[in-house]
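Common to both upcoming complexes is chain A, partnered first by chain B, then by chain C.
Then we have the complex of A and B:
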């Protein structure tokens, strides 16, 4: 989109330019020089105006200001990543989604301590400087709230004007750096019979979750780094539990305590929240795994395809159980499917970008994607989830998403037309 | 896992060790301990899943041993069997007074009005609940202690003393018609409360793979 007006030349730029012209003896005075520059250097031509100088912190182009989408300004709230604005797989850290239950605590790096105790030989307290001295790992993983997509599960009220950010923006991907929890548990000596941990945050909600010990020992991190810098306060500064592939809520932020136990604690978050009534009278508990899912991020609402022709459909796919093995795209409302290209490297428990080149001939249609992970699990249809789980849970809604392209190019959420 | 009486860590550890040995002896799931076994034996070459190098020491010993007092100060969670509940008690009547000061603004005069979470709903359900209130959803009454002590009231978390927490739990359970009006909650009575929906909770049965959608 063209700018309404070009950037103004800063005072510093004027002085540099005019003094240079004067020094060269081309004109006698600064005012002459200004006239000369004004005549001969269009303000919008960046090759004719010295640029901005170096700065300690970078910033985005003024016209590029992607933003998180906020829920209510309350202590327990969330903000969503603008998936349609992003490229590749890494989420810029300032656009990583948020979900807090008691606000963001203000914790000093030097003061923070992590207590590890319970069924261990040596209860220990670690300062951040202690944790950072242990051998370090960095891994790219997605993080997703299990409530992501809950708004498009209703059998009676399927939205049409919903952005991918509003629908699935509780998903982000980062390179996380930290120390494996297994290294720390090796230090304290886990006792025989232990099978769970309780992880507890140092925020005003003192958010607590129980996690199976096997998962913790397998690949979990005490993460203090995110995309090359120290983890942000919104993501748990100075340290969070990171459980690759598990629902976001269990990845306890601002982690201050790990208790090794032989049973789950049944905290509020894992009983009254983050549980799934299945429609048969039972309630599924400790549904921590994020199953395979994909979503087309382009084209998506509110984009309007301006003309027919070749367009590249793009999206993200991910699975908490490992690698994505295949993403298929349909451009005819699910009648036929074609395998999309996956942008490597395809990392386990991370997002992968898929692409499919599509010639849109100006006819109304519906486009969908479905992911398959390395276990052979196929992203289900919404009807399959309704059948399996009933209407009462908004968690773990990983069903296939659909976008409708109208004859005029307008893109809207199209699942309602398919069910 | 730790005893109710936090002043007696020495004997508690003996109990813990004995109980742990007992539990592991009858643990139906050998896999439950496999991770821990790796943890304690991982120094010699194999390392952890994320790969400590072969020459890593058995212990680095960065960090300090935690004193009993330190553990007791921070170990504030409460389990369904009552583990972690402090001394103290509170009645329905005492809890009503607490509720009217500290809870009513967010949860309404009868625990049903909001604006925040609905607390009271004891309507039975067969297929699925229409709300996730305490009476028709929460599986354990002890979770109320764990949560209220940690996170409530939302704007002044931690302001209630043990008697007040027990009291407000008694009042909320009374509103849900789970305990009678003369009930008194304590470390002894709270774990004995049977919540109506306790047996509805089942473990996750999703396994990945090409099998049926769950």
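Then we have the complex of A and C:
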């Protein structure tokens, strides 16, 4: 491991020498050294004053208030996870992304019922207390909206002032708890010839999706727990379908009905929406798998590197197909690549944090990452993706992301320079 | 897997037949079927009303408000995690246990400084922005107060109405992020002959502990992140010492000073407190390692099993020495034991959830669990612990916990029946 440069900015130096002009010029920076400018009155010595006592719930420090980025148009709304503010892989539940088509319904735990019917021997209605008596599973999985990144990348003229949150914040990771759907389907008895299910939500959109029975019987959950606690209303309280590695929209929230079928139902969300127009005039339907992807979260816009020296490039990588096998990082616009360190344990269908120490010598450059999963799939370049899929789709935009570091340290979205 | 009994309590039946007398008789039960009694007015169909839109932070359902159990005496205070309400292993950060000796100080991120000195070549002061530039590590670890369970078990007359939260709620699990202490000690250069450190907190108690240098250089962190976000004030914001597997008290919060020494400093918290009087009149000091332990979280007091049939016994197991290798469960007061299923991945120095399907036939019985870790250490019985350590200590009470299930389904703390 290269030895990084030691601390060079003395706090005293910043407080005594920084003028208002310099502070204004660095207003986009998140550097803590620079924040010190506003810190003029010395705080009381905390060892000389009694601290506050315990309370029923812990709370964040007043200066640490991460927020989601909101987009709301009547009943269609979304919130994006502040990926650049987070560490590790777990997303705090109140910062998990959301995407709603009919708003967040108010459902009582005791009232909720799940009907399982169709090509089954014994149609049944399950209350939550019934579902919670079955043997339980807890696993850490990522969840990503298939529209993640689409809003930025599908534009012909690429913007440069884009945060990771705005670009790829429809991605979060949680420890999900629930009962395997396979357990419930064995309880009702699936009939011969069945090959799909229809999953229907209890929200105002009655959001419905078809899912192959093989996937449902493999590793899918009726999830009622998230990061230790009961799932929150925004995530489908009291129960959602959880399909590890599949696009977010198919993970139907507020699940009230499963119909076992012998074909896909072709609902609105898999015909007019959540399909991928290809370059040849045909359309790709049921593109449920989230392909391998990675994104650098540090440094990213609007961070400004305050000095030359060693910096730890960090980011997240994930694949719906299983484990990430490697993440490579380029610090010279894609001319050369080196393998980043992966923070273990590397779990299947979960995010993994990658890290790479980089000595920035104060020159303009472009940094990129590319993920490879255990099936050998490699995260494509934007050119490869557009050649394969054409420019008309905004779903499944998993190509390599890039950031440009200017000579002054300013970091901006840099894909424009690659195309 | 045995087929569990299907849902037998129809919601309609409960609403129409349950009288006030029956409801009162079951007031301690957490059964969801029983909660239905209070649900008389049918809720509006959530598919027929628009839901609420997104907000900057997600929130729990109004009916789901887990709380910590508080004990506060002037500046000495604690809060206990509601273990029986949680699933999986991750503890939501606002439900992590706390134990403070001088209250929670109010420290500004930008003001905080860590002095590293003593037997080093280059004494240095680190600001938080300095610490955060070093290569980062994120790992899931448990944290447990060495007094956990002591308040209950050290009494000669055992209480029977005790929750898991009251008994063992000084235990939580998080994904911790920080810089290895070894990185910082290499930066300052540890001198020959050094063998301990003194860690000092910046709270009103100036809580200070000695830690062997070997442990510090092995896997200890200067932790500034917890479950994805910056560590909260209750957990040591902006930075705490984190010693995987060691007793909570030594994981000094609000860390402001590390002194490298050639011997332990013998502070108040390792002489008059946090030592174990043994039966022979001597005292065990620096008992920092948290030995293997397990606790059944379901069923536990005050739950009442509402009917005979298959129930999934669940709990948590952990060891400061590494991985849990097995957890055994007895459903006949310790006469026979069967190996429980462990929810993978089983991580070292973290909690693991164990599960065992149990057919309760409506007879009184006692259920227990015992954990074994990868070093071969087996969680002792209470008799074994008291023989080895005498009855005078309330620290490191890691012996087997038991619950009695009465013929009526009432679950109470059952250790008294074993002694």
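Rule of thumb we're sticking to: the second predicted complex is superposed on the first by the 372 of 419 C-alpha atoms of A that agree within 3 Å, B and C clash if a C-alpha of one lies under 4 Å from a C-alpha of the other, contacts with A are read in each partner's own complex, and residues count from 1 in each chain.
Note that in this section a contact is a pair of C-beta atoms (placed from the backbone, for glycine too) under 8 Å apart; a residue touches a chain by one contact, two chains touch by 3 or more.
None of the values given here were measured: they were computed from a predicted structure.
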| item | value |
| --- | --- |
| Partner chain in contact with A:185 - chain B first, chain C second, else both or neither | first |
| Chain B versus chain C as contact partner of A:268, first or second or both or neither | first |
| Touching partner for A:134 - first (chain B), second (chain C), both, neither | both |
| Partner chain in contact with A:91 - chain B first, chain C second, else both or neither | second |
| First, second, both or neither for A:102, with chain B first and chain C second | both |
| Partner chain in contact with A:204 - chain B first, chain C second, else both or neither | both |
| Partner chain in contact with A:286 - chain B first, chain C second, else both or neither | first |
| Overlapping contact positions on chain A, where the chain C interface meets the chain B interface | 75, 102, 124-127, 130, 133-135, 137, 187, 204, 206 |
| Residues of chain A that touch chain B when the two form their complex | 75-76, 101-102, 115-119, 122-127, 130-131, 133-135, 137, 180, 182-183, 185-187, 189-195, 198, 200, 204-208, 212-214, 216-219, 221, 256-257, 259, 261-263, 265-268, 271-273, 275, 277-289, 291, 321, 373, 375-378, 380, 384-385, 387-393 |
| In the complex with chain A, residue positions of chain C that touch it | 1, 3-4, 6-7, 9, 11, 31-33, 35-36, 39, 42-43, 46-61, 63-64, 66-68, 70-72, 75, 77-79, 85-96, 98, 100, 102-111, 113, 124, 126-130, 132-138, 175-177, 187, 202-204, 206, 225, 227-230, 232-235, 237-238, 254, 310-312, 314, 343, 345, 347, 353, 355, 357 |
| Partner chain A, residues of chain B touching it in the complex | 1-2, 16-17, 19-21, 23-24, 27, 29, 31-36, 38-40, 42-43, 48-53, 56, 59-66, 70-71, 74-80, 125-129, 132, 134, 137-140, 142-143, 146-147, 150-151, 154-155, 157, 197, 200-206, 208-210, 212-214 |
